[in-house]
Every structure is written in structure tokens, then in C-alpha cells.
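These are the structures, in C-alpha cells.
Each of the two complexes below includes chain A, the first together with chain B, the second together with chain C.
This part shows the complex of A and B:
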């Protein structure tokens, strides 16, 4: 169960999810990188004391180092915390809202990173919730803020708004027809960037692209979000128009592609992560194009997370080598399909 | 419906079929190659007159040239006549026994070619029936026979017994483990040869090998058949022992291979002949190894013939280009699977 995926998902034929995060630091503390674990724990306790009074919703507090390493990875694979949190686990901790739609990370690269996560295309609600939490904390915490530079952050690329807004898009048809590189290049020119499923440095799999703002300085939060919103709408329309063309002109070829993937994932006994993600990408496309009619194919993103290495091992309750995971992955997917076919 | 495939099939886990043919010529006629169509028709009528008295079973007489070209190919694909019959269709004709287990070809390369065809490994019955027909005809027809050279034939490679005995073997596991070339080489040294599904010059597909005697001179019919019998038994045992090993040591990998093929043929919308044959080969192996339990998978050979180009077009009642056949092939196979799953 991945809670944050719940709820109405706008433009879900193309958009998987929307993530907003802001980076904040407290003026009276060194940046996390320069703290020792003891100082970091002092900061953490300060923040927790403040938050108790401020945060109305139910949050769970977790120190990264208290988690077994498999569980740390599970949180990353579910997109609830960043990989950086594990790297700094001697200092890092987080507050996770019960519905998983908000995480407040402490001592990641910055003192605070407030993240909101929504299913589908939802910059508005994502930004609203993120701002709300930010405002609540701002009332009680002394943010490091400079009139000229804006919010001061550990890494200069976040100085200014400290905002990263990102939208995860499923773009199989733009990719198939070879236009994706043109789009990535065009994004770069207007200060946006495209990354893989697990953000910076992660490979693009399953035609999933995270598109986000690269720059945080010189534009207001609203401008950043507005620009991303407009560009994502254009990309959604482009993907849809290619899908419509393919449905009209190449329907049988599309059916062949999608049903083959369906046949393979329903039957294979050994599935690498890469191969599984490719087939699930086709299944998601088949669902979005109305070729595969089963309602529950909309949960393919959840399945994509369930078959990541740590999630598989958590599910089976033990450490597994690659071969064992490939077998377990095939089993998880076959059971998902069997469930569908009831 | 391919009638000759009916009946008990011995060693059917490895052996698809057994074919025997003898080449005979009549002393008072020129070889077919040197005849004009009129002379060939004269010979055909002479033979038919004689056969009326001799053949007790029900035979259908067909002049090759009277068949639409699609139907000619259908007979070839079903292994009921040789491709040579079409090349010489201005002169050739044939008598086909109702159960399709015997064909008497007239004016192929020789005046007469008597063929028997059985499902599974059945050199004994194949040879018994072929001999019987040969003896019956021999009583009434004046065969060209030389004390020293034996039966005289149009091509010197058939002189002597005029016999070709061949067994079609399904050897996926010998092939997978890379031993097939050693076996083919060993066969050659003892006067046997391995060919593809459609005999001389046809490519090996689906790991189906026709193993037959290369030489017809210097050995008696019984010696030829006995040698082939012994060698085929050895090959069957080799294939079985590799299958047993794989089932014990690599069962999951075998299941993965076989179920993937099952998933693909159950779902794809476009299937080339080559790809379909590869998957059906895996299905046949899965059935033989007890991985796929459905009884009707034993009919995979019939399906392999049904998806050949002419059989597809005959089935759909129209000429089709390659793309149309690939679509029709996928449909035929999906329907076969749907039938199985009831």
C-alpha cells in the first residue's frame, strides 16, 4: 500500500505524480554538512519541540539511523525520503504525515526539506500544502533569509526560493517516435530539467520522466510553478496527440506491443527490474489508451514501486540476491495480474 | 484437420513423425524429365488403369495442375506431396489414401514415388505399408530393375533401394546445449543426414530435424531402416537425458522460457512465421517435459502446419500478403489457445 498515490489523480493518463519541496535552514545553526551528529541531534530536538505546537495533522517521527537499511531503502523507493537522507543517516530524521502526502526531512542537505507528493498532475494542491507547512514552521523557526538572495541553502543551486517543483510524466509515445531529446533540450533552455524515476543521476526507465525547475533564483515561487505548469500541459498534449495518432493509424501494432507485454508479465518466472519496468510501461500505456480495459491497471505505479529491490525484500521479509529478486519480482507481478483477472 | 497425424504416436515426446518413400520407374517409359506432358499423361493413365485393380483402399486421384496454386502449396505444407510435384505440375499427379498416411506420386522426379507418413516414431509400420503398396504395384507394373544396381531412378542418389526413410525429431535441448552440430557431423559419417521441416534445402526451424538415410546403394532396405532406427533411438535418449537434467537443475529457467512463449503466443497480434515456430517449439517442449499440462498441446505439430503461409490463406479463403498473414497467424494461434483454455 502506497498511501500517497491515493485520491483523484488529474491527467493521470500521462502524469504519474507531482512533487513539491522547499529547502529551508535555520539562521542560528551551521549547515548540516558542518555539524557533528551531536549538534545535529540538538537541532533535531529544537525543531521537534517547535513542530509539536505547530503541526496539527498526525505525523510519524523517524530517525533514519533507527531504521534497518532495507527499510531506509523502502522509504526512498516509495519517494517518501530522498537518497541523501541515507547518506547522512547519522544526522538525518523525518516527519511523515499519516497520508504520506507530506514529509518534513531534517538534516538532509539542508536543515529542513518540506516535501509534498500527490498522485497525478497537481501542482496547485502540492504547492498549497507545502506553503502551508512552510508558513506554520516559519512562524516559530528563524529561517535563514536574505533580502537580496532569498532563502539561504547549503547548495547554491537552491538559493532563492529553495523550491523544486517536479512532475513525473509517462511519455512512451513521445519517446517511441524519437522526439524526447528535442523536448529535453528545449526544457534545458528555459531552466527546466528532465530526470529519471529516482531523480538526479537515476536512469530513465519505463519512459518515466521527472520534469522540474532547475533554477531557484530570480523567479518567484508562483512564476516557477506557473512556467512548469504551462510546459507540462504542452508535453501532455503532445504525448496525447501522438497516442491518438497511433491509436488511429497503428492500432494493431500498439495492441501487439501492449498485449505481448501483458503475456510476458503474466507468465514469466524470472524478470529483471529493467525488463519488468519496460513491460509495465507498456501496460500503463495500454490502460491509458483504452486497449487494456481493467480499471486496476491505474495502480501500475504502485506495482512499479513494489518491484523495486528493497520493496521486494521487505515484502518477502528477507535479504535476497539479484537472482532471487528477479524470481520474486516475477511472482509479485503474476499475482497482481491474477488478482485482476479474479 | 491433418489426418495423417492421427493415431497412437510412439516416442512422441521427441519424435514428430516418420516418413518412408520409395522411388520406382517403369522400364518401358523415359524418365519424367524427358517426357512431354502428353507422354506423361499416357503414363499416368496406364498407371491408373493398373492401380484400379490393385489398390483396395480408398484413394483420391488429383492432377497437380488441376489444383489452384494455393491448394498445391497446402498439400506440400501438410507433407502430403513433395515441392517437386509443383515444379513438374504439367506432368505430375498423385493418389492420396483417405487417411493421408499414403501418397502415390506420379511423375515427380521418378515415375512413381510411394510415400507413407505416420505420427511419432514408426519406421516399422511406415515401411510395412510402403512395402505392401510397392509389392501390389510391382505385380502389375514392369519396374525398371537391374540385378547389379537395383531399382533404377532418375537421380543416381536414389539408385539401389530407391528408399528414403526419415524421422522428424524435435531436438530443442540438444540444440540449446550446443551439441547438435556434433550430432549432424556424426550422422553424415555413417550415411545419414539432417534436414529442416520441409526437407532438402529447407531451413531448420523450431528445432525440428528430419533425419534420413543419404545413401540408397549397397545396403538392403532392412539395413537402412535398422541403422536409422538405432541412431534415432540414441538421439532420442540424448535429448531425453538433457531434458531430465534441465528439469532437475534448471527447472525455473525452463518454466520461464516456456511460459514466456505461452504468454507471447496467447497475446500477440502480429506473429512472423519464424517467431511463431520458435514459440511453438517451446510449447511442444513444455508439453513433453510436463511443464504445460494440457493434453491438447500434443497437437502443436498440426498448429505448426496450420500457420504455414498457404494453409493460413486456405483457412481464410483468400490471398494474403506477409503482413496480413502475420496478423492471421497470431489470430489462429490465439484461437487455438482460447480453445484449450475452454
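This part shows the complex of A and C:
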């Protein structure tokens, strides 16, 4: 069950999710990478004391190091915390809002990373909530800020607004028709960037791309978000128009592609992560194009997260090697299909 | 093929080492390879390192920064160049002269125009208002809306008086 995926999603035929985060630091402490775990714990306690007064919503506090390693990975695979949190688990901790739409990460690369996560295309709401939490904390905490350079961050690539706004798009048809590289190049020229499913350094799988702002200084938050908004709208339209074209001109080929994937995932007994993601990507496309009609197909993203290594092991309650995971993955997917076929 | 070290993940890194004339082959997964000291395994290409590497070629070295050290966190300039991360907010002050070209190179700008913390000095808010009015004035003149421009100009004058009462500007 992935709570943050709940709720109405805008433009979900193309957009999977929207994520916003801001980086903030407190003036009186060294940045996390330069603190020892004891100092880091002192800072964490300071922040927690302050937050008690300002955060009215229900948040759960979790120290990364208190989690079994499988559970740490589960949080990462669900996009609730960043992989960096595990790397710095001797210092890091986080507050997770009950609906999982907001996480406040403590001692990641910066003292605070406030993240909001929404399903579908929802930059406005994502930024509204993120900025609101930022304002609440700002009332009590002394943020590191410079008039010229804005919010000071551990890495010069985040200085200024400390904002990373990112939209995860499913772009199978733009990719299939060989147009994706032109788009990625064009994005770079206007200060935006495309990454894979799990952010920086991750491979693009299942035609899922995270488009986000690369630069954080010189534009206001609203300008950054507005630019991303406009560009993503254009990409959505492009993907849709190619889908319409393919549906009109190559319907049989599209059906063939999608039903082949349906056949494979309905019957496989062993499925690697890569193969499963490829076919689920086709299933998602089939649903978005109206070729596959069951409403449960809108939950394909949840299934894509459920079949990630740590989530599988968590689900089966034990450590598994690659082979065991591939068997379990095939089983989870078959059960999903059986469930909707009734 | 599974990783020689953990036996769990698929091996993606294969290498051959010659030790005392004998050949040793190793097959490791990504995680174990990154933990393995035989490798200089630089995980996702680091943009920071790339850019910090450019600082000195962008700007002529006027002083010797090699031994320059942050008084608060103890990071030296060469360490900063290597890992691309600041140790504390004092580093921004310590390496100030070097940062303009670096930050401009990364962002294409070097002045923040986003949010301002609520508790900041009033002057910072006024300065921001002034910057915004200047942009509006330029636009009004360009579009030949001279009445509008005159109103903005008057507002700017009022602001200037207020700002002057705070003393000199930090970054002009």
C-alpha cells in the first residue's frame, strides 16, 4: 500500500507523480557531511524540539539507523526518502506525514530537506504544501541565508532557492519514435534535466523520466515551477499526439505489443526487474490508450514499486537472492492479473 | 553470473588483476565494486567535481588559495575543490572570491531572487522590492507606457530614501 499515490491524479495518462523539495540549513551548525554522529544527533534533537510547536499535522519520526536495512530500502523504493539518507544513516532521520505526501529529512546532505509528493501532475499543490511547511519551520529555526546567494546549501548546485521540482513522466511513444534525445537536449538548454526513476545517476527504465530544474539560483520559485509546468505540458501534448497517431495508424501493432506483454506477465514464473518493468510499461500504455480497460490498471505504478527488490522481500518477510526475487516478482504480478480477471 | 563478494546480486564489473605473475579474475556487483579498494570507482559522474575543477581555469589565481582554510569547519580550498561540498556556511565567506565564477557557471546567475526568510532584516525585503520595481520600470518604458513608468519611478525614489537609511548595500 503506497499512501501518497492515493487521491485524484491530474494528467495521469502521461504523468506518474510530482515531487518538490527544498534544501535548508541552520546557521549555527556545520553541514551534515562535516558533523560527527554525536553533533548530528544534537542538531536532530534541536530540530525536533522546535517542530513540536509548529507542525500540527501528524508526523511519524524515524531514525534511519533504527530501521532494518530492508525497511530502509523500502522507504527509498517508495520515493519517501532519498538514497543518500541510507548512506548517512549514522546521522540521518526523518519525519513522515501520515498521508506520506510530505517528508522532512534531517541530515541528508543538508540539515533539512522538505519533500512533498503527489500522484499525477500537481506542481501547484506540491509547491504550496512544501512552501507552507518551510514557512512553519522558518518561524522557529534560524535558516542559513545570504542576501546575494539565498539559502546556503552544502552543495553549490542547490544554492539560492534550494528547490528541486520534478515531474515523473511515462513517455513510451516519444521514446519509441526516437524523439526523446532531442527533448533531453532541449531541456538542458533551458536549465532543466531528465533523470531515471530513482533520480540522479539512476538508469531510465520503463520509459519513466523525471524532468526537473537543474539550476536553483537567479529565478524565483514560482518562475522555476512555471517554466517546468509549461515545458511538461508541451511534452505531455507531444506524447499524447504520438499516441493518437499510433492508435489511428498502427492500432494492430500497438495492440500486439500490449497484449504480448499482457500474455507474458500473466504467465511468467520468473521475471527479472528489467523485464517486468518493460512489460508493465506497455500495460500502462495500453491502459492510457484505452486498449486495456480494467480500472485497476491505473495502479500499475504501485505494482512497479511493489516489485522492486526490497519491497518484494518485505512483502515475503525474508531475505532473498536474485533468483528467489525473480520468482516472487512473477508471482506478485500474476496475482495482480488474477485479481482483476476475477 | 553472481557477484563474487556478496553472492546475491548480478555481477556487472569484471576485472583481471595480475598478482605475483598469477592472474586473478574478479566479478563484482555494483555495490561491492564501489566498496572495493582495487577500483577507483567513481559513482554517478559528479557534476560538482566537474565544475569545481573549472574554477581556477575560469578565474586567474590572484592569491594562493591552496592552503586557505575555513576557520569554522576546517575545510581547505583544495579539499573543497576535490569534493565539491561546503563544510559550513562560513566556507561561503572563506572561499568567496572563488565562488562567483563557480556559481555563475552552475546557474547562469549569481543573485538569488526567490524566497526570503521571514525573520530577515527589513532592508533585504526593501531591496527585493526595488529590484522588482526596476524590472517593471524597464518593461513599462519598453512598452511606451510612460504614465505607468512615472508611477514606478516615484515608488523607486521613495524606496531609495528608505534603503539609504540602512547604509551601504552589501553586494552592489
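One rule holds for everything that comes next: the second predicted complex is superposed on the first by the 342 of 342 C-alpha atoms of A that agree within 3 Å, B and C clash if a C-alpha of one lies under 4 Å from a C-alpha of the other, contacts with A are read in each partner's own complex, and residues count from 1 in each chain.
The rule we apply is simple: a contact is a pair of C-beta atoms (placed from the backbone, for glycine too) under 8 Å apart; a residue touches a chain by one contact, two chains touch by 3 or more.
The model shown is predicted, which means the values in this text are computed figures rather than measured ones.
Student: Does the superposition put A:253 against chain B (first), chain C (second), both, or neither?
Tutor: A:253: touches chain B, not chain C.
Student: Go through the superposed model and pick first if A:57 touches only chain B, second if only chain C, both, or neither.
Tutor: neither
Student: What is the contact status of A:262 with respect to chain B (first) and chain C (second): first, second, both, or neither?
Tutor: first
Student: Determine, under the contact definition given at the top, whether A:25 touches first (chain B), second (chain C), both, or neither.
Tutor: Once the two structures are laid over each other on A, A:25 reaches chain C alone.
Student: Answer with first, second, both or neither: which of chain B and chain C does A:36 touch in the superposed model?
Tutor: In the superposition, A:36 contacts neither chain B nor chain C.
Student: Just checking: does A:156 make contact with chain B only, chain C only, both, or neither of them? Give me first, second, both or neither.
Tutor: A:156 sits against chain C, while chain B stays out of touch.
Student: Regarding the shared-chain residue A:99, is it in contact with chain B (first), chain C (second), both, or neither?
Tutor: neither
Student: Could you figure out whether chain B or chain C reaches more residues of chain A?
Tutor: Residues of chain A touched, chain B against chain C: more for C.
Student: May I ask you to decide whether A:270 touches chain B, chain C, both, or neither, giving the answer as first, second, both or neither?
Tutor: First partner only, chain B.
Student: Who does A:66 touch here: chain B (first), chain C (second), both, or neither?
Tutor: A:66: touches no partner chain.
Student: Using the superposition on A, tell me which residues of chain A are in contact with chain B and, in the other complex, with chain C.
Tutor: Touching chain B in the first complex and chain C in the second, no residue of chain A appears in both lists.
Student: Quick check: in the complex, which residue numbers of chain A touch chain C?
Tutor: By the definition above, chain A touches chain C via 25, 27, 29-31, 33-34, 109, 131, 134-135, 138-139, 142-157, 159-161, 163, 191, 200-201, 215-221, 223, 321-322.
Student: Mind listing the chain C positions that touch chain A in their complex?
Tutor: 2, 7-10, 43-45, 47-48, 51-52, 72-73, 75, 84-89, 92, 99, 102-103, 106-120, 124, 127, 170-171
Student: Considering only the defined contacts, which chain B positions touch chain A in the complex?
Tutor: Residues of chain B touching chain A: 252-253, 255-256, 259-260, 262-270, 327, 330.
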